[in-house]
Amino acid sequence: MSTGILLQLAQSLLAILLAPLLMGWVNQCRAWLQGRSAPPITQPYRTLRKLFHKDAVIAHNASPLFRFAPYMIFACMALAAGIVPTIANDLPFSPAADVIALVGIFALARVFLALAAMDIGSPFGTLGARREMLVSFLAEPALLMVFFTASFIAQSTELPVIVQTLAHREFAIYPSISFAAVAFWMISVAENARIPVDNPSTHLELTMIHEAMILEYSARHLALIEWAVALKLFTYSTLGIALFLPWGIAPQGDIAALPLALLVMIAKLLLGGAALAFLETISAKVRLFRAPEFLGTAFLLAVLGMLIHFLLEV
Amino acid sequence: MTESFPLLPDGPVQWAWGVVLFWLALGFSALLLQGSQRLLSRLVFPLGALGALGIAGVGAAGMVLPASAVILPIGLPDLPFHLRLDALSAFFMVLLGGASFGITVYASGYFRSMAAGPLALLALWYHLFLAGMVTVLLADDAYAFMVAWEVMALSSYFLVTTDHKVPEIRFAGFLYLLIAHVGAVALLLAFGVLQGGHGDYTFDTMRLAEMTPFWASVAYLLVLFGFGAKAGLVPMHVWLPEAHPAAPSPVSALMSGVMLKTAIYGLLRVTFDLINIQIGWWGTLALALGLITALYGVIFAAVQSDMKRLLAWSSIENIGVIIAAFGLTLIFYTDGKGALAALTLTALLYHALNHAFFKGLLFVGTGSVLHATGVRQMGHLGGLMRFMPWTAWLTLVGALAIAGLPPLNGFVSEWLLLQAFLLTPGLSHPYLNMVIPVAAAIVALAAALAAYVMVKFFGVIFLGQPRDPALHEAHEASWPERLGMLWLAAGCVLLGLFPAHVIGWLSPVVRLLTNQTLVNDGSWLTLAPVSAERASYAPLIFFAVVTGVVLLTYLWVRRVYHGRVRRSDPWDCGYPEQDARMQDSAEGFGQPIRQIFEVFMKVERETPDPFDRNPRYRGASLDKLWFILYEPIERVTGWLSQQAGRLQHGRIQWYLIYSFATLIFLLVFTTR
Amino acid sequence: MTLAYHLQIVNLLAALLLLISFAMLSQRRVVALVTLFAWQGAALATSTAIVAWSTDQHHLYYSAALTLLLKVIAMPWYFYRLVRKLNVNRVVEPMINIPTTMLIGIVLVIFAFNLALPISEISGTVTRSTLGIAMAIVLLSFLMMITRTKAIPQVIGFLAMENGLFFAATSATYGMPLVVELGVALDVLVGVFVLGIFIFQIRETFDSLDLKHMEKLREK
Amino acid sequence: MEIFWLLGIPLAGGVFLALWGSRRHAPEINALFSLATLLAAAALTHRIIEDGPMMVGAGWFFIDSFNVFLVALTAFVAFTTALFSRPYMRIEQEHGRLNDKRLRLYHSSYQIFIGAMLLALTTNNMGILWVAMEAATLATVLLVSLYRTPASLEAAWKYFILCGVGIALALFGTILLYFAAEKILGSGGTALLWTHLNGVKAQLEPTVLSLAFVFLLVGYGTKVGLAPLHSWLPDAHAEGPTPVSAVLSGLLLNVALYAVMRSKVLVDGALGTDMAGNLMMGFGLFSVVLAAFMIKRQTDVKRMFAYSSIEHMGLITFAFGMGGAVANFAALLHMTMHSLTKSAIFFAVGHATQKAGTQLMDDIRGLIKTNPTIGWGLMLGTIAILGVPPFGVFASEFLIITTAMHEHPWATPFLLLALGVAFASIFGRVQPMVFGETELPRLPHQPALAPVFLHLGLVLMLGLFIPPYLADWYRQAAELLGG
């Protein structure tokens, strides 16, 4: 048990620390692919450090909620990162929340971000909040459907059990999973404010979603949010890995397998980041009211995956 | 199923009836106190609140004690009032008492600004309302049930029309009472089917009566209609968004939080207890209706611009979820999956309890806002968090809870319900088990939209800058109001943090209806309904971790770096003349939803022309069903009465001809 | 079979009554209508008397006398006065034209006879066949009330109906118990009295007895 | 003995008031006579409760639990109405709508009317029953036209002609009854005594009786106000003075229905089929539905409630038609509730219309503001008559509807429809009359609202608790009607 706790803490810390690195990696890949000279891979860390040092500038009418939100968001993401099996499986936190609760955590963070954005009352904040909620109310059920497909296969909504079933039982091909995978990809693109739904590097009022919400933040608050964003990307990536290519995650209590699992995980993340950058580069951002269509498609794909599971696999 | 309990000569039921009498006495004594406003608000309502607490206590006792019954000396000659308190009634009494305690405490503060004369009447109806609801839960024969049911409707009607000077409110009250009455007649017919004949209307005989599937189905459909009309099931929902906002806020809270649940109670009571056969398609029907209601309600909630209307629509959504759970329970139950039925029923009851608390909380929250500002249109509110922090933070708890966010109570019931949906592959029915998981998608969609709605609700009212200079004078709620809200908010949090205990506590009810209990295969802090392997959720760990991380991060940032803060104007994006009216209005916030779901709505918009000196924008998204369903009914009846009117022609010869024709016809008819 | 001659007379009178009611149906003038009404009363009284004599039921004499008093003397005289006073004795166009009315009337008579047939079978009285005629008279006067658009003719129709009833009572059942007869007579008397008051009131408010002034109360 | 007091007092009252004329205290005397009648009725009722049904006056009068409760009801409502009419008529007089001559007419024929109804209820002789009904009609005709307005004259004329014709048909029915009866009972007085007929009803000739019942039903049904024979009713109720409307719809309709029921018992016995019952169900249902749709288009408050009387009479007739212990019980209960409630409503409406000076509902607003008691009286009365618990009307509707669902489900959709439409129409119109704003002045006089709340209080009590002896009455009566 104690080892379990330690392992848990280790994995959580690892996730929290590695998250900006993944972000940096993605940016670097994008720069290469777009033929720009890339910033160093550690750039996110520098940004965070700089932000933490600055004095926070807050609007006069900011309420306590505004200052509380960044911590809350960060905490939610940390918890999520702790729950998803990254290198080791079935850690003590995992019974705290199954996949449905995981969606709940993301929703909690999102709601706080949106509320904080509305707190100042500048036109952009509200606009961003509205758009964010618009995106999410489609993305959330779609994500649930993806999880449902997996949990129908695994007969459980517990991530460890799902991973167990998919990775460590005898190998079986699940066509439904492929649908779910595509849907999941689209969802995570949307949820992490990437192209084609949102553009992380824009500040154009008409198009921005996520950036519009955090427009009022500065210094440590901004830093926490940026960090949380990185953490979110990381969590989604590991989540995707856990669901769709779980091989290599160490089974419960198997300490010996951990180093290998770590290496495998890093490799997978590098690949995933590169793929993300590649897809972002070749696709263009869609108009805002196309976003619902985009996510609607994701939703339908997920549902379709579930139906296929019932058609072919039961 | 209930025969297994011995009927004790006396028990909690007498206590419950005692509280009812106490409330009645209180109500009528209020009429005598017309003179003194102080006594009314500072004495009568707190006493009423005590009564509510008592009811909750009696309910809690009734959950564990065996069922007890009593026969009152009043009623019809052959049919005195039978009262009975079993676990099901007891649960709903806990719900009623718990929620209405907070609401009534709140009311004692809320009504302090009201004139004594109207307040006395209001107090009378208010306590009649409470008494009626409790009697509905206690009634053990059709007559007592119907009397209590209608007393409940009537008193709430008078509460709704408290401010009867306003034509809209009068119309709201009228529509409400009309639909309630039609529903009640449907219930009468249902009891007519269920009765044993020879005018024996006690529930005991109904339990024993053997019925053909056909008549059972007729009864079920009537009951679904009758109780659905009360609960606001689409398409009988039209009265709800009119009536609930019209009432004074504590009353709205009671109606939305508690009264709707009596309909759920009736549905459970009749379907599982009184009708002795259940048929599969009943569940499917209820499930479909419930899902439609849920989606419909939340969509309309998203496009409202009146805060109380928004909440009313969201009540419709929650009722939809509950009815869907009811349908799923029926499906499992008729399929012989007792354990799954138990799980779904647990989710249902849990959600009903939760809704009572958070909807009550939100409604009283709007009440305080209304007191402070006198505005219901969200377009004129904003930034209230700075002027009324108590109200704001407590309302935030309710908003997060109703949005189904962990670790609050709304999430638990939703989680349980989704688990139930995930278990449908266990069904023996070929395509149901394939289609129903898709239904889960709708529940998820509704939940996500609910989050949207709540961000809109809270953000527009409490955050941002005041859209109206007058708001700067907004004052914080009085102490009783805060206490009431505190109680309800505490309910939301505790119900969210200790689900394992609540589920264990619910088991008598579940056993009563499904002969099964839900085993919690987890420790006291984790909730694992079916098996820990299958699903688990530990809100306490969850809560602990989140708070822990928040604190750690905070301390870390403070220690390693600093906590310096500079205040300045918000960034104006290079556009100096910004004012509060440039924030997103309520309509604006709902606009994307309106665009996506425009099919359900009849949108009315007035956009100003560019040269307008003082341009005004008005947009309203009306319920299409009203125009599709209700206006035709109105037209048809109007036409029919036109035709009937032609008979009354005014000419005596014609009248003579009627008599003559009738005579001849009858002569021919009888002598043949 | 051959009937005793007094019964033949009764039947004859019955036929006469029917004839008179047809005549009333077709009559346009009010005064003539009143006269016919008086004749009908007379026929009724005679037939009652004959039945009384033939079956020596003494109380029938009283009712015969009552009939004579009320329907032959009192009411016609009263109506004559009324008509003269209000001089409303002009041609009254009925709602439906006369021939149609007659046709309907004939149909009614046949209907009434068919209706009465099974009853007459079981009737013990010697004058059973008259029941159908009585019923026919009732229906005919009903028809007359329907077709008339003036107050007085309608009233007369009403009274003619009472005649029919009375005839039914005497012919089919040798008259009702005396108390009832008296009560009925009293009611009729009062009724006519009330009517008189009415007709004056109507006259002075609408200054006409045309019923088409009284079609205001209706569903708008 | 009481019976003679019961019948004598109103007749004496009629004569006396005719002589007393418009001297002082005529209204009080009127009320006093009604009170005396009530006391006599109470004594009689007590007697019946003590020692069961009885024949009085050589079998000319027959009192059983069925008519004794109607007697009590009639006397009671007559008394309260007299109380109500005291201030009401005075105000009318001050408004110049009445003069002394008519007031005298009003008082004396009011008493006569009550007497006639009591006679109709107590007599044992079907012929006398007919005579009394006719007398009641004649007594009220002049009351309906009391105001001498063109409208009231027209109403009275229609009332007179239509009911006259109807009653004539009823006489024909009675004759046929006698015709059938004298075969068995021999001619002479006894052959029309209901008790005797009831004794031999099994032997009566079916064909004749069925024919007789048709005539009786159409005849008395016209007075009950069964559609389509109802045409006179709304006019008479709307145009007559309010106290008269109250007693007309509160009492006269009941008495007429009583006559129908007495004949139904005989016919059922003779035919052994439920032909009579089916006819009544048909009539009742049609009346309920038609009345509901008529109510929807009313603008005149008294007219609207007149139609609602038709609706409720239809409901009662329907229930009697269903037969059976429960349905009969319910019908009797509904009779009571309806007359109490409806008369109470007419009292309240009377004052409301006096205040507004019009019967048009659109011109009556905000009663609660100017005269709260009137407002609440009207509101509660309306709620009661619409069958909302805890008022007693609901108790009977509950039994009727549930029984209908159990015995004749086909009828229930119509009932549901009609009740819904009636509720929407009546309530939708009364609500703005009671609630809302108004500029109308207060009434100069203190309105006589004691009767209103007395009635409503009774109705409320009976909705929650029916005293045992009362219940026994109803049960025995229901038995009597072939329960």
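The first chain written gets the first letter, and so on, giving A, B, C and D; residue counts start at 1 in each chain.
Convention: a contact is a pair of C-beta atoms (placed from the backbone, for glycine too) under 8 Å apart; a residue touches a chain by one contact, two chains touch by 3 or more.
As the structure is a computational prediction, the values presented were derived from the model and not from experiment.
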Most extensive contact between chains (C-beta pair count): A-B
Computed distance of Cα centres, subunit C from subunit A, in Å: 101
Euclidean distance of C-alpha centroids - subunit A vs subunit B, Å: 36
Centroid spacing, where centroids are CA-atom means, of subunit A and subunit D in whole angstrom: 78
Centre-to-centre distance between subunit D and subunit B (centres being mean Cα positions), rounded to whole Å: 44
Residues of subunit C whose C-beta touches two or more other chains: 115, 118, 142, 145, 154, 214-217, 219-220
Residues of subunit D touching at least two other chains: 157-158, 161, 165, 169, 207, 211, 234, 294, 297
Chains grouped in pairs wherever the two touch, ordered by label: A-B, B-C, B-D, C-D
Residues of subunit D touching subunit B in the complex: 157-158, 161-162, 165-166, 169, 207, 210-211, 213-215, 217-218, 222, 228-229, 231-232, 234, 275, 279, 290, 293-294, 296-297, 325-326, 329, 368, 383, 386, 388-390, 394-395, 397-399, 401-406, 412, 415-416, 419-421, 423-424, 427-428, 431-432, 435-437, 463-466, 468, 471, 474-475
Of subunit D, residues touching subunit C in the complex: 125, 127-128, 130-131, 134-135, 138, 141-142, 145, 148-151, 153-158, 160-161, 164-165, 168-169, 171-172, 174-176, 178-179, 182-183, 187-189, 191-192, 205, 207-208, 211, 234-235, 238-239, 294, 297, 299
Subunit B residues touching subunit C - in the complex, by the definition given at the top: 645-653, 656-657, 660, 663-664, 667, 671
Touching residues (chain side subunit B, partner subunit D) in the complex: 73-78, 142-143, 146-147, 149-151, 153-154, 161, 164-165, 167, 170, 173-174, 177-178, 181-182, 185-186, 188-189, 191-193, 195, 197-199, 201, 637-638, 640-645, 647-648, 652, 654-656, 658-659, 662-663, 666-667, 670-671
Residue numbers on subunit C that touch subunit B, as the complex places them: 95, 111, 115, 118, 142-143, 145-147, 149, 154, 211-212, 214-220
